[in-house]
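Structure in structure tokens, see below.
Labels run A, B, C and D following the written order; every chain starts at residue 1.
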Amino acid sequence: MDRALKRRLEARFGERLLGPVRQRHDETEIRIAPGDLPEVMRTLHDEPEFGYEALMDLCGVDTGTVMQTVYHLWSATSPDWLRVVADGLSRDEPRVPSVTFLWKGAEWQEREAYDMFGIAFEGNRDLRRIYMPADYTSFPLRKDFYLPDDAARSPGGGVRHMEQSQAPTNAEPDARVRRSRLS
Amino acid sequence: MAILSRTFDRLTLPGKIVFTVVPLLLVLGAALTAAVVVAGPVVLSFLGDNLPLVRFVVAATIVLLMTIPTAFLIIYMEMKVIALMNLRYGPDRVGPYGSLLSVVHGLKVLAKEDFTPTGVDPIVFTWAPVVVYMASVMTLLVLPFAPGLFGQDLNIGLLYFFAMGGLGVVGLLMAGWSSFNKYSLLGGLRSAAQVVSYEIPLTLSVVGVVLLSGSLSLNQITLDQSGSFLDWYVFRQPLAFVIFFIAATAEANRTPFDLTEADSEIVAGFATEYSGMRFGFFFFAEYVNVFIVAGLTVALFFGGWNAPLAWPAAWAITPHADLAGMGIGLLLALAIIPPAVIVALGMPFYLLNSQVKLWQALIIGFVLFNVVAVGALLGFAFLSFDWVVGLIWFLGKTYLFVFTFVWMRGTLPRVRIDQLMGFAWKWLLPASLLNLFVTALAIVVVESIR
Amino acid sequence: MALKRVRAPRPATDPADARGSTAIEVAAERDLIVPIVVPNTLWAATDPTAYNGGQPTPDTHLREFGASDAGRHDDARWGALEIIPTKADLVLDLIRANSLWPLLSGLACCAIEMMSTATSKNDMDRWGMFPFRASPRQADVLIVAGTLTTKMAGPLVRLWEQMPEPKWCVAMGDCTCSGGRYKRSYSTIQGIDRVLPVDVYVPGCPPRPEGLIYGMMKLQQLVLERRGHWPERAIGPTVPDGV
Amino acid sequence: MTSVRHASADDPRVMLEEDIGVFEPIPPYPPRTEREAEFYTLGDGEMFINMGPQHPSTHGVLRVVLKIEGERVVDLDPVLGYLHRGVEKLCENADYHHTIAYTDPLEYISALFNEWAPVMAFEKLMDVEVPRRAEYIRVLSGELNRIASHALFMGWMALDLGGLTPILWSFIERDEIVEMLAALTGQRMLFNYFRIGGVNGDLNHDFMSRLGTWMSKASAQVEANQTLLNENEIFVRRMRGLGVLDRETAFRMCMTGPSVRASGIPLDIRRAHPYSVYPELEFDIPTRQEGDCLARYLLRLDEVKQSLRIIDQCLNEMPDGPIAAKLPRLIRPRPGRAYAAVEGPRGQYATYAISDGTDQPFRMRIHDPSFVHLQAVGLLTPGNLIADTMAIMASLDPIMGGVDK
């Protein structure tokens, strides 16, 4: 755990952080609002005190109540992974600014997040489906998308469907969606 | 009549076929016999009057029949040699040491379904393989295999050779264009560009040899190299040989210049849409071309059918067996010698090994007798006809070069299209011009000294 | 690589085929969606109206796979085979069994083992199976090596249709035999025999090269016994229903 | 096959034409993004050519739509997903031990690293200490797997350049390693070997004897396998100066592993973010400055030598002790998030696992290097020839199983 990094982060964007800086093992996690993502990322990327010039991973998360996009950064200035969580995206229409202006390599990872979660990255000029076919209508990694034979939670029971075209008619989401007990 | 029809209806399909084909054959045979009896002398006299025509037809037929086994042999050679270079066994199940596998491949390709995809130009699509194959076969026509053993001794043999080589490329271009497939199109265009650029150094490198021998006839060029191996043109034209070999590799579309069917880039090149026997034509033509290019290299630079060292006259054995003079004795010999030799060869197995029964011993003797007889006949031919010696030397040298081609295929990666072109125009062409210039100068100097 | 001879749509072959399994009747229909919906016999739907009551979903990315009548009928012209009398078939089969050119198409993990089967240690070339043809027009055997996803099903069926008769299909690996470890996934097909007629199944995840060689030799037997590439061969699991 | 066209501009549905046998790479629906619209409009003299999903040199089921002008590639658009197996969704529906079997076949020629990253992430979630012997065994087998993967890479490199023999030679190498790993783990390719808190089995005599005989001739054999290529003029001329990737671009493309180290960035997670027992082992991080295909190729040669060093040290310093930590059969980590990354043959394999206290990971993100590296092809290729596309793709060494997950 890199205490110095925690102090630096709190000093740099104290007011922007949603909640405290969490640290566990060799990871440091900050949570920010989606709107703040571009400048926070630019700060982390440009300013020499952080110097996070390598985006190691980008992914979306569906906590069952909200959507998140999670960025893992690496820098030679700190022994920790820095995890930036853009928190509080609405599950109905998740939108978040793209980081392709900093890392062009994030383009496909954002496409993947869009394909799997339906998260729209504003500023990504190639936001297409990347894995599933172009006319695929549902987002597999959402928590209300069930595996076909997952009879325990699936309203569709036995039907092995190649895709879930729309929400089941008898679905009352609260009952079935698996929610994380995380904050 | 009704009975006949009813009986015919009862027949199975093969039966019907047989009962319709056999009478037809009988009628045709009778007609043919009548025709021969009636018009035979006329035809014979006509053929006798113009023998060259007959010779040409016969030679063309023989060459055409000869290409298929050649292709099979080279395919097997390639499979086996490359396998050994890959530290594999290679084919070893079909036939002795897998030697029949290439034949099996060829026949399988023959029996595959060949269909014409939608959107192709059917006529061009169908004729392209024929053009490619016929071009290579007709090229083979002027190749001197042995003294007196060649299809036609054209006095412009070399020119004819390169013209036919160009015709083969037209076939590839037809295939690439008509296949209605972008990979095929790229392959066809690549082959066209490649050959257009490599024809020039190929031809120019040979001009030196032509100047030396003063003839375009391959037979004449080969004759000029007779004597010891020092008279071969490779020693007088080393640069020309190098250029010719490289350009010829590109002509035959062999690695490292096999851009036309580059597997890893354009799927199968011009042959992408071809299946069945049409693909088989391409398949064979490639290997026939390898043989041809190797043979041409040998004929131009390595003395063709000339032995490296002349056979000393002192050792010359000329068997004089006047079989016709034996008269009735010949019949007696033919009747007595084979059984006698068979028994003589088989008895040792019967007497020395108690396990072997008499008939087995006789079978062994029969086999051995055949071996001995064939060997004797071949030896007789070897000694009495010089074309046998020439043929053996020619094929030996040729297959050495075929092996070289296979070796390069097993070893080298593929060049890029722009590197290919740059090499042809920037290096080979100036070098061949230089070679031509130097050769002409040397000839002038030598003439003036004389 | 993208051309194919035109086939007139033809009716279902015979009731026996239609009874075979879901996939068979599916292939017989012109509906493009139904082939994908394979009822799962292990669970019953809690709500019949879920997913439109199991009605076809409005996806279209498998239309071409649905539209293709792969393996339904062997209406190929047989080249020389049609006119050669039947005795010659034995020779032809011997020839075909000894020169099976696989198609150079690997889908996933098993492709590595397929390549390893052709390489020096265990050499498939010994049986004349080595020249991996890059173009389906010149291939005899389609070794489906690896997981078949719904997105790849259409291209794979097109490859199969581009191969000239006689042709054979070898399912290599668990994923192609039954769905394997990805059977539960939302984007895989539970066994390629739902879209292709399969002649030989080689289980294993992935099978060892020796396994594939054994399967190919089984295929040689099958060719010699003149099974496989005949009109009665049709799509569908070759295991009986309910298993 | 039936060709496709869209009925009307706004209807994304595919209409079928039974009578035409033409396949057009142009998608049957109106363009979704500006990039797609820009790509799928042809300039004069340009044409589309559709490579894949079945193509000899796309390393699997990748489909690349090339926009070419003659032989020159103007632009290209990779189409993925032909091998998308939904691993992440399956992992969310399987318990922690079971996920290893799902992540195994991702990058199927270096399966151990696909297991290593999730296993490390779960250990972080569980706060479990891995025995040192287990760590050493992991490093040992992992480096062996790295050598096998690099051997295959070199063979494929040569194969895409038209060379027949090198791939067969490198497969000999790979087969020896894979067989000895099979002696250790029980499987040739998809060794399901690493366990949460340790490894599955201890080193056995068969493995050690094979390893000993191989190590005695390994370096010499690795050298020998390269004699066909390294001195080959055609090979070097084709590779040098092709697909140059400079330092900034490498970072902007989020690339890791040999591809960036060939561009002069000494970013190796074994040193940059140490894990397992790598801090105790001594080895170098080979880097090269050119950043072209030849550099990427040669760099992997150096890495093989370093891996041999590491294996040697592991064999010398292998401690005794247990090979796995004591864990319950059904593990329920307390809620939390963990991110673990390992340095694989192609770069960073990472797993980001979220636990919600149940026996199944709530979310399991698998980061795969091939996926991020493959989009660099679209950056490096335009302006080169079709043949160079294969060379560049081969030099980045994408494995479609990992790209498509």
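Note that contacts are C-beta pairs under 8 Å (C-beta built on N, C-alpha and C of every residue); 3 or more make two chains touch, one makes a residue touch a chain.
This structure is a prediction, so every number in the text was calculated from the model and none was measured.
Colleague: Name whichever of B-D and A-D has more C-beta pairs touching across its two chains.
Modeller: A-D
Colleague: What's the distance between the Cα centroids of chain A and chain D, rounded to whole Å?
Modeller: Using C-alpha averages as centres, the distance is 23 Å.
Colleague: Suppose each chain is reduced to the average of its Cα coordinates; what separation in Å results between chain B and chain D?
Modeller: Chain centroid spacing, chain B to chain D, equals 48 Å.
Colleague: If you average the Cα atoms of chain A and of chain B to get two centres, how far apart are those centres in Å?
Modeller: Chain A and chain B have C-alpha centres separated by 68 Å.
Colleague: Can you check how far apart chain A and chain C are, centre to centre, with Cα atoms defining each centre and the answer in Å?
Modeller: Centre-to-centre distance between chain A and chain C: 39 Å.
Colleague: Find every residue in chain C that makes contact with two or more other chains and list them.
Modeller: Those would be 1-6, 60, 104, 119-120, 134, 151, 184-187.
Colleague: At which residue positions does chain D touch at least two other chains?
Modeller: 13-14, 21-22, 55-56, 81, 84, 86, 89-90, 93, 168-169, 172 - these are the residues of chain D that touch more than one other chain.
Colleague: Check each residue of chain A and list the ones that touch at least two other chains.
Modeller: Within chain A, residues 131-135, 140, 145, 147, 150 contact more than one other chain.
Colleague: Which of the chains touch, listed as pairs?
Modeller: A-C, A-D, B-C, B-D, C-D
Colleague: Tell me, which parts of chain A touch chain C in their complex?
Modeller: 131-137, 140, 145, 147-151, 155-165, 168-170
Colleague: Which residues of chain C touch chain A once you look at their complex with the stated criterion?
Modeller: Within the complex, chain C touches chain A at residues 36-47, 49-52, 54, 57-62, 150-151, 184-187, 190.
Colleague: In the complex of these two chains, what residues of chain B are touching chain C?
Modeller: Of all residues in chain B, those touching chain C are 14, 17, 79, 83, 86-94, 98, 101, 104-105, 107-120, 180-181, 183, 263, 267-268, 271-277, 279.
Colleague: Contact residues on chain D for chain A in the complex?
Modeller: 12-14, 27, 29, 32-36, 80-81, 84, 86, 88-90, 92-93, 124, 251-256, 267, 272-273, 335-339, 341, 348, 350, 352, 354, 356-357, 362-363, 365, 367, 371-372, 374-376, 379, 404-405
Colleague: Taking the touch rule as given, give the residues of chain C at its contact with chain D in the complex, in rising order.
Modeller: These residues of chain C touch chain D: 1-6, 9, 32, 60, 63-64, 67-68, 103-109, 111-113, 115-116, 119-121, 134, 136, 146-147, 149, 151-152, 155-156, 158-159, 161, 181-182, 184-188, 205-206, 208.
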